[in-house]
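Chain IDs A, B, C, D and E follow the sequence of writing; residue 1 opens each chain.
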Amino acid sequence: MSLTEIIFWLLSGFAIVSAIMVLVSKSPIHSILWLILVFFAISGHYILLNAQFLAIVNLIVYAGAIMVLFLFVVMLINLDKESDPQKNIWIKLAGVISGGSLLIVLVSLVKQATEINAKEVLLSKGNIGLIETLGKVLFTDFIVPFEISSVLFLSAMVGAVVIGKK
Amino acid sequence: MFSFLLILIPILSGLLLFFIKNEKSAKSLSLLASVLTLAISIISLSSKTNLNFSAEWIPSLGAKFSLSLDGLSKMLCLLNSISLPIIFLSIFKNDNKYSPNFFGLMLLMQAGIMGVFLASDALLFYFFWELALIPAYFLCSIWGGEKRIQVTFKFFIYTFVGSLLMLLGIIYLYLQTKGSHSFSIQDFYSLQLSSNKQNTIFCLMFFAFAIKMPIFPFHSWQPDTYEQAPTPVTMILSGVMVKMGVFAVIKWLIPVLPDATNHFSNIVILLSVIGMLYASLIAIKQDDVKRMIAYSSIAHIGLICAAIFSNTINGLQGALIQMFNHGIIVIGLWIVADVIEKQIGTRKFSELGGLAQKAPTLAILLVVLSFANIALPLTSAFVGEFLMFSGLFKYNIWFAAIAAISIILGAVYTLNMVQKIFYGNTVSATENAIDISWNIKLALIFLVIIVLVFGVYPMPLINLINS
Amino acid sequence: MKIILAFIVLFPLAGFLVNGLFRNTRSKKSIAYYACSQIFSSFFLSCIAFYLVKNGGSEVVTYFDFIKISNLNISFSFQIDQLSALFLLIITGVGFLIHVYSAAYMHEEEPKHFARYFAYLNLFVFSMLILVLGANYVIMFMGWEGVGLCSYLLVGYWFKNNNYNYAAKKAFIMNRIGDLGFLLAVFWIINKLGTVGYTEVFAKAATLSTFDVTAITMLLFVGAMGKSAQIPLYTWLPDAMAGPTPVSALIHAATMVTAGIYMIARSNVLFSMSAITMNLITIIGLATALLSATIAIKQNDIKKVLAYSTVSQLGYMFLGLGVGAYTGAVFHVMTHAFFKALLFLGAGSVIHAMHHEQDIRNMGGLKKKLPITHLTFLLGCFAISGIPPFSGFFSKDEILAAAFASNPIYWVLGVVGAAMTAFYMFRLYATTFLGNFRGTKVQELHLHESPKAMTYPLIILAILSVVGGLIGIPEILGGNHQLHHFLSSVLTSEKPIHINHNTEFLLMATSVVIAVIAILFAVNKFSKKPELSEAKGLGKIFANKWYVDELYEKIIVIPLLAIATFLKNIVEKSGIDGIVNGVGKYIQYSARQIRLVQNGQVGSYVLFMVLAFIIMILIWVNDGHIYKFLTQLF
Amino acid sequence: MPIQNYIIVALTLFTIGIVGVLVRRNALIVFMSIELMLNAVNLLLVAFSKVHHGAALAHNNATTVGAEAQIFVFFIMVVAAAEVSIGLAIIVMLYRNTRSIDINFLNRLKN
Amino acid sequence: MNSIIVSALLGVVMMFSGIFTTNKTIIKNIALIGMLILLVSNIANTYGWCTVDVDVKGMLVFSKFGYLFNSIIFFTSLIYIFLSGNDFADVGNNVAEYFALIFFVLCGVAILSSYNTLLMLFLGVEIMTIPLYILAGTDKKNLKSNEAALKYFLMGAFSTGIMLMGIALIYGINGNFKIEFETTSTIQNFGILLPLGLLFIFVSMCFKVSAAPFHFWTPDVYDGSPSVFTSFMSTIVKAAGFIAFIKLFETHSIQLQTSWKLILPIIIIATLLVGNITAVFQQSVKRMLAYSSIAQAGFMLFALYSSNTLSREGILLYSAAYSFATIGIFAVLIKMKDYSFDGFNGLSKTQPVLAATATIFLFSLAGIPLTGGFFAKYFMLASALQEHKAFLMVIIAVLFAAISVYYYFRVIQAMYFKQGDAETTEITSGFKLGLIVLAALIILLGVMPSILLQWLYF
């Protein structure tokens, strides 16, 4: 087992465990913190895949901005452990079982997928993940979606105003 | 051109009536329009030219606005255009009950029915089929009896299910036509379908027609609707509209799907015959004039249907004639039922009696119509029923023999009706009854004359159909 | 001839129309005159027609096409030949007399009802004429149903009385049962021969198979059963006595009920081809004759006795037809028309005098008060009892002779019936006219002989009853049976009677003797102390008409109504409509259930989505199997 | 590194996100689970981008094949950010009105 | 491209208009004019008159079909704003922002009618739905509106996640985001991940068009949202969803092979079942319309199933007819004081014009001939019948169509046959005129559907 593989499995395990912890934590604060850990693990993956730009963006946007927003909200509305509503155990069980069976189905399908057998993920090599390459591609081929996504932000902005205004 | 006018006049006048507020002028206008339609339809009887009309409609679908006026449609258009003036006449003196909208809807319904009889394009046919139904829905629901809303709704949905299935059948046929598809009836006639396909389509389309006619066991909407609908509408429904189903079978079903017709004729005739007996038996036990006439109508239509499917010339001819005659007779019966209900305030046999003393003219006219209803010779119905039974007999003796039992049962319930309404001593309800007013008298006499004239000399009718 | 026939028919029709339409405006007198004059005109023309026919003027005249389609041509045409000419005379002649009689009999009615009565009566004559004149079965059927209609209208003439209406309805419906048979027979003929004209049908009859002929004749006979009141369809006739007495005389004795005999005689070619049918006719006729005779013995209503007597006599006629004595049957129709019309009118006269009292137990001793009625009635009784030389003797004897030729047992039974006939007729006569008056004082005070308009027809009919038989005097009695010769060209299938003269004479004598004994016995028994007590034993069965009405009620009417009720209340409501409404209800029910899935919780919504997704994936993975399964399923 | 591994890891994370939506009632945590799903997709996309890049690299040294997937990830992040702003606004609004962020607390709309 | 740019710009314009004026009528009129401009620019684009040319790098593909669809949508929106624009003010004060959001949604719609890569699909869907989350929640004091917004948002985001997973899987096999798959065209066996990815997208799109069993959000959201926006959501947005759905799966149904012919009919029937049956029991007209929109979606899915010329024409017609009718009936509904069926009792007496036009709208929804709804359904049925194996499904669909008559006609019954005095808010004659024009359009479509469809070929 090579180092990369060890790192891969470590990161993956870490991400999955943290993800599960997000769900099982009673306190929303804990959940947020666990989620930030998931993001870190994923950023680790990105680095492993030599997608440096995304790794950084992931940390800045997700862990940094989004999660902080979540934290703000949690603090704003002053949630504590007791206020966290509990679902019926049966519904939980049903959720877990159906989610689990979905996972089993999906994984078994992936295991059967012969068309990707020979495909290897290029780790650490390849420089498409660098800002330079991505920037070029983004502002040439993807200029239209890039511009259009501004509409998305505009509407989000308007929306936040509309909703937020007293 | 005649065919187009036959539709156009009722539509235009019907729409116009929605904008008229004065009741008197609405009545006059509607009567005028219906008489005008009648005039055109009479003129068209003898006309050899100008019968067909065709215009582009939806070119991309191959649907045309094409109308044609052959012998059968001439007769049915005549029936349709006769019925409306008669009906208007019979309610001419009804004050305040019917608003101008009523007359407008009646005329629209007439236009729809007319269109069904005239259309020679399947899509157009379907359009008119529904166009006839919708005014009926409003008419019954607004001006009907106590339970009108539910009952009419049932009627509407029931028939709507049927017509949707028919639409499927039409689409299916349309997709089978060669080249760029077309809805033209000629193209439908020239289709050569496998018997399997034919059977499927037959089931779909016949369902619609069976509901409309109605054939046992799809009839259950009918007595309720006839009972609850305002009587003028009932007249159209049972006098003319049920003929749509019969007409459709003759024009759109049998020639298009000959194999399937042969395949199913046994079942259809069986159902019809069962329906005849069934309806007749139930009619015997009815205590309500309208319901009784409704069941009697089911029995008669059953015979017509059986005769059509008997696949004999006699049967078909008889059915064609009977479509007309039944319409005339049943309209007359409804007028009488209407008069009774309006005058006496009840339709129950058990609360009626002795009316003949108070309203002898009505009694006489009803007796004539009743005997026409049971196809006594020298009334027009006899000719039709005679031919139909003879056709059915040719097809199968036992069917004919069993069906003929309904002749006896028909006598039982019709005479029951006559007896219970008119004979015996007057009861409290009929104590103060008076005879009918001039307009109803006129309407009924007109019908009776038609019944008798065609009973003695039916050849004009037969010739008309075969032209 | 075409015009004559048309006018024969049109006169009564005009009478019907004029009296019917203007019934409110005209006086009774003008109504009566008009109606009678129409019939008389018709009678007059009938005489001319008869004369022409007698000189060989038989023909078929066509007026217009009634129904003409590609493979069937039914024309509206009349056939005048010896048979129809004879019937024309009977119908218009007797009809005229009865019209005249009615004018007096019905004088109490209001003008408009009076007019209605005459309109109906005219319409009846019209229908009856159509029936006998029709040149094909369809036209005959028109008249056939038309007379049924008129019978209905006239029996229910006093429509305020619901019992009368029931009787009228019963008459019509039972007739309809018969009509059904007639109609089916016509269809059968159309189906096999493609035509309904008599001449064509009889010409092609030989091509029919035995089965077809039997079926056709059986069905026709069913028609005759209904119209001519034979077992099992006879029960309407006694009830039909609810109508005014002249109506009973005209319709239910003289003319309409004989339509069945006319029809069979007319179709003698067909009937003779089917031995089975002939036997059936014989048996039914004989049974009817005997059964109704037994019933007549115990009836107390003057008209009921006559009614059952009519049924019985009709049975004789059928016996005659059954054994092939068509002429005899037709002969008996004629004589019966005379004497039974006479008897009914006589009874009417009595009823008139008794102020609508019909129970003979309340009569008696009317001989003195109603001399003309009494005398004519007595003559009628002799005629019906078959006492020579009254008309009934000849006709009945001819039938009996033919029956003997066919099978002696028929003859024996026939004579028994004849004896009963004599017995009950004289029971009636004796109870009514002899002895002491048993009615109320008021009735007694008002007893009076009827006006001339009533007595003259009685007298004329009495004369006819006496001498009517003379046209058919058999050879054995020195006659040459003119009627036989006259009709021979129509009744081609007449079976000649082969019995030697001695036997025939013996038979004749036997029957006369038995009849005379019966008469003497009856007069002796009932003139002094009429039977007033309730009948017992067999008599009770007779008095209650063998409980046939009750039987019909139990085995046909009640089950039929029960079925109808069942269909109406159970099958229609819960079954057919129930299914339709059930579909609607089920949709509403399922709407109520399905909406519960929409429980408003995001978690469960997502759960459904996930489950659906899993299922979709599973379907996708196994699509081959599922597809195969589905294709096999459909 | 075989791509299967990445797919399985991504699917696992994705499923955990789904389970989170299913079992939690706290709107914030549900929302976070959705973010988790998005991240799983991101990871998968990046991994695929490297697969295709690796395949293309064999033919062309200067290829940018695979970059589009990373751009896509970028867009997902953009959208996620926009969604978060809206989502949190809605949640806060809800809290203001009901003093609860239980997704089942409001249950007026049903059936 | 015109429509995307113009609609985005107009959104911005509307945003700023709120700053300069608070007069709602002016804002509405600006929006109206803007919508007219948008429509005109799109039509101009259709015929190549004043086109803004942008090198879209294959991200978008503009077709006659898309243009026509856009025109229909913009025209519908125009009518929508004309009829219901005044009612925006009843929802809240930020009228200008609402209009801005509407224009942003239309931008998303325009993208969805012309996308050519999965990225643009994703962006289009998001641009279209994110404003809707807000619009659903605009009635801030109304808890139902809050609930609707939250449910819509959470489930919408969830379905976005599912769609993204599908896109990722497809990308994994294809190596690009183009919707024309080059690599698979020659391969008979499509492997596992590609179809799996398609299934993911399929589920997500089913969610967007509210096909059962992914429809659960629809009734709640439509019911809870302010009625003016429900009207918009259930028509324009849903139609756009269908266009996107069809555009993607028209070419890719083959990758799902047999299972496509299994899964889709099941979904269609389930959708029809849930939509129609559940609508039967509703007491509120608004919620009934929400369910009925599911039922209508069931019919629109036929276009997806048959994917032939007829269905392409049909979906356009369906979009137009359905949108017209729904916008019309919602416009009437908004004016009602009571949204329950009983609230409509006797409307024909108090407001005959409203009742008459509403009747025509309901007829169209029920698919009665002489209204556009008939031909919409006709095309769907005909297209499905052309695919020969769909007979049973078509029959079932027809039976459900008959059930739909039941609940649509309940409104007509209430308006015409029942006694009552239905109360409405104030109604201007302009509003009535708009309704009459709309009703006339529906009838025109029902008599002459070719006037719409011929645009496809000119």
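By our rule, a contact is a pair of C-beta atoms (placed from the backbone, for glycine too) under 8 Å apart; a residue touches a chain by one contact, two chains touch by 3 or more.
Keep in mind that this is a model prediction, so the values were computed, not measured.
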item	value
Mutual neighbours - chains that touch subunit A and subunit D alike	C, E
Chain nearest the overall Cα centroid	B
Taking each chain's C-alpha mean as its centre, the one farthest from subunit A	C
Inter-centroid spacing, subunit C versus subunit B (mean Cα positions, whole Å)	36
Intercentroid distance (Cα basis), subunit E paired with subunit D, Å	27
Distance between the centres, which are taken as Cα means, of subunit B and subunit A, whole angstrom	71
Whole-Å gap between the CA centroids of subunit C and subunit D	96
Per-residue overlap in subunit C, given as positions that touch at least 2 other chains	584, 595, 598, 600, 602-603, 606-607, 610-611, 613, 617
Shared-contact residues (touching 2 or more other chains) in subunit B	157
Subunit A, residues touching no fewer than two other chains	87, 91, 94-95, 98-99, 102, 106, 109-110, 113, 116, 141-142, 145, 149, 152, 155-156, 159, 163
Each pair of chains that touches, named by its two labels	A-C, A-D, A-E, B-C, B-E, C-D, C-E, D-E
Touch list for subunit D against partner subunit E, complex	3, 7, 10, 14, 17-18, 21, 27, 30-31, 34, 37-38, 40-41, 44-45, 48, 51-52, 55-56, 65-66, 68-69, 71-72, 75-76, 79, 82-83, 86-87, 90-91, 93-94, 97-98, 103, 106-110
For the subunit A and subunit E complex, residues of the former touching the latter	106, 109-110, 112-116, 140-145, 148-152, 154-156, 158-159, 161-163, 165
Parts of subunit B lying in touch with subunit E, wherever the complex brings them together	57-61, 126-127, 130-131, 134, 138, 141-142, 148-149, 153, 156-157, 160-161, 164-165, 167-168, 171-172, 174-175, 200, 204
Residues of subunit C touching subunit D in the complex	595-596, 598-603, 606-607, 610
In the complex with subunit E, residue positions of subunit C that touch it	584, 587-588, 590-592, 594-595, 597-598, 600, 602, 605-606, 608-609, 611-613, 616-617, 619-620, 623-624, 626-627, 630, 634
